[in-house]
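For reference, chains read A, B and C in written order, and residue numbers begin at 1 within each chain.
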């Protein structure tokens, strides 16, 4: 079946400018050749530390940022080559939820204005229809209809995130990119929001690209998971496979660091030496080799490619 | 491993606006509380409204004409007939002061309107569009800012010929850059925020993002500046008239009155006293409103 | 550092051009024929021709501007219609008087205002503070020309202590010169003093809430020492910078003060030129004031950068 979203060799380099008098033009390689597919109805997780490029990938797919090179194919549209006039169509089918619920809602607008806006932009329905739809969606995300007359600052973080989710649902999108949707919330509220997202997916047939650094959230929500390091995908597979059989040393270290309750056998934590190198000057060969406990001669010279190992398990490592 | 549904958390989050005991604090009363405790705003507001009243109802609260001369009543000190005395032409000072309020208000209103609208447009474009447009516009603004405001106003008015219209327009033009700067910095600050990106993400056009989303957050500093500029406009109009390059006589401008009083200081102190006090109080009132508003909109910025 | 100065100069260049355009346009704002306006109705046609040619008014406006701008760069600000002498020469003759006035006003207001602001900050919230704050607010609201008139009334007419008009050169009789300088300088500095007081107060308050002050107090330093030696010094940089930037308004104020006290400086000359319709002179003086202001701003900027180690040591500026 044709995937809903295909990303091919996506790259985004940010130039570092130093004013008129600079000579060397260094670049930050935020995204350095990322490829994956997302099927309709599935949830793909994009995992990594801050600086791994996962947020930039999300922005590029939506074309909030213009990619440096590569292709993004969504529902028969080549997003990267889309002229600006066609972008509006895209914005109806692809939506995004941001990380900060306190910053993503326009402070001086009432909720009903914020929620009606997508409908007005895309010319869906009449004015009367708008109000009905706002009520419907508010209920669906667990809020009350009278909330639509209030301002964002009157709500708590969890509620604001619900409103943000409501905003994405207004135009019936197919794909929602959730960029760290619960990282800024209290742990107890996180569970509520995650459950909401899962329930909505079931009801509406949504597809999610979940970007997160929190492996326990990813574990709960995702069907497949891609691990990113320094702008590249180092491992990608199904959820069960990743947690039972992680192949890349980075993935193994990440998994070992998940906090766990005191009961049961203690897992041994893998410690990585060094720090994440700067994306301006990534190491030669495999970009992970300076921190890898298993590095070999080849790792310092040749960059490993993402290759299939077994049933839909991909990894880029010389150790296979 | 099948997805398990965790039970929803049991406790209710405490929402802002609730006092934790199940009651809800009224939203409106919070605003009123802040206004009524803001003494600057209240006192300044009273002064401003008082002068507005004076300007509006001038004919109703005076009995003399502001321009008719009466040489028999020259240099009269304050009395029951002439509340503030008369000037060197026998004109009733109180009447001239009341009509002077009209002049000052007209000038202030037009000047602030021109400054605000001009500044809004330039500042919003410069801040939102950025790039070359920003560079050019800001340098033009800086060019205007480099002139001492009074001198620029003098130059403009003197060239165009002094009248109520030219004075108002000149002062407005002089203050456009200050409004532009404030607008530009507000737009720049808001532009980077996530809600702007969110508005773009749902497909909103650039211009609408500026108007609908960024706009409302830029208003309050502009309003504060407007009151301060109003005060400055009053002073500059008075100064221009004082210097003789403002409103031509016999227009009842407070500044002209002060200029005329200079020659007769040894004869009549009153001629110099009342217009000066009036200007000071009016300007003080507007400044206090400006300070009070600044405090109201952002309590953190005021010590 | 040098790069910073260079950047600033490059930025300033278009600003200076725009400024000159504004002043250039003064003549063209005159409704009707500028030459008629300047020379009056009964001027001879020949005189009109001469003036028209000299001002270049018979040519296209862009060409006019370019030739005018060229002359400016060479230092030729035109010729006064009234005196027939070069404008620049007259300006340079009168400039010292205005500078003396401005300088005296700045010094007086700085001293008074910094002291007042410091006292206010040190007694924050008390009556002293509120009183000084209200006073400074009042000071900013009182028009300088009224203050001048009142000062003359009290100190020249009622109690003849200070002379009301006239100017004596410093080099002729220093004492008398200062005597004549007093009232005008106070008048000019008053509004500035109000603004500086508020600035000093808010700067001091901010400094005093910083950690290093708490540390100093914890170390046992007495309150006055901490205030005067530490907090004040750090506030001064900002305050002095602010004062430098106020020079523009101050220069504008000289126009008023010089008229009241008949102080023979550039301000007075501007007014006289306007009444005499001596446009080249008006343009020359306004341009001169503006360029001076820009120059002073640049100096203040550079010295601030120099004094503030954060910028000097090469932060991303």
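Throughout what follows, a residue touches a chain if its C-beta (ideal position, glycine included) is under 8 Å from a C-beta of that chain, and two chains touch if they have at least 3 such contacts.
These numbers come from a predicted model, not from an experiment.
Central chain assignment: B. Criterion: smallest distance from chain C-alpha mean to the mean of all protein C-alpha atoms.
Inter-chain contacts peak for the pair B-C, counting C-beta pairs in contact. Annotation: 57 Å between the Cα-based centres of subunit A and subunit C. Distance between subunit A and subunit B, defined via averaged C-alpha coordinates, is recorded as 48 Å.
Per-chain Cα centroids separate subunit B from subunit C by 23 Å. Those residues of subunit B in touch with two or more other chains do not exist in this structure. For subunit C, residues touching at least two other chains: there are none. By the touch criterion stated above, subunit B contacts subunit A in their complex at residues 1, 3, 5-6, 8-9, 11, 13-17, 27, 193-195, 197-204, 212-213, 216-217. Touching subunit B in their complex are the following residues of subunit A: 62, 64, 87-88, 91-92, 95-96, 98, 100, 103-109, 117-118, 121-122, 153-156, 158-159, 164, 167, 171, 188-189, 191-192, 194-195, 198, 220-221, 239-240.
Contacts from subunit C toward subunit B in the complex involve residues 11, 14-19, 21-23, 26-27, 29-31, 124, 137-138, 140-143, 145-146, 149-150, 152-153, 157, 201-202, 205-206, 248-253, 255-256, 259-260, 270-271, 274-275, 282-283, 286, 289-290, 293-294, 297. Subunit B makes touch with subunit C in their complex at residues 136, 139-140, 142-144, 146-152, 154-156, 158-161, 231, 235, 238-239, 242-245, 255, 258, 261-262, 265-266, 269, 272, 275-276, 279-281, 283-284, 287-288, 291, 303.
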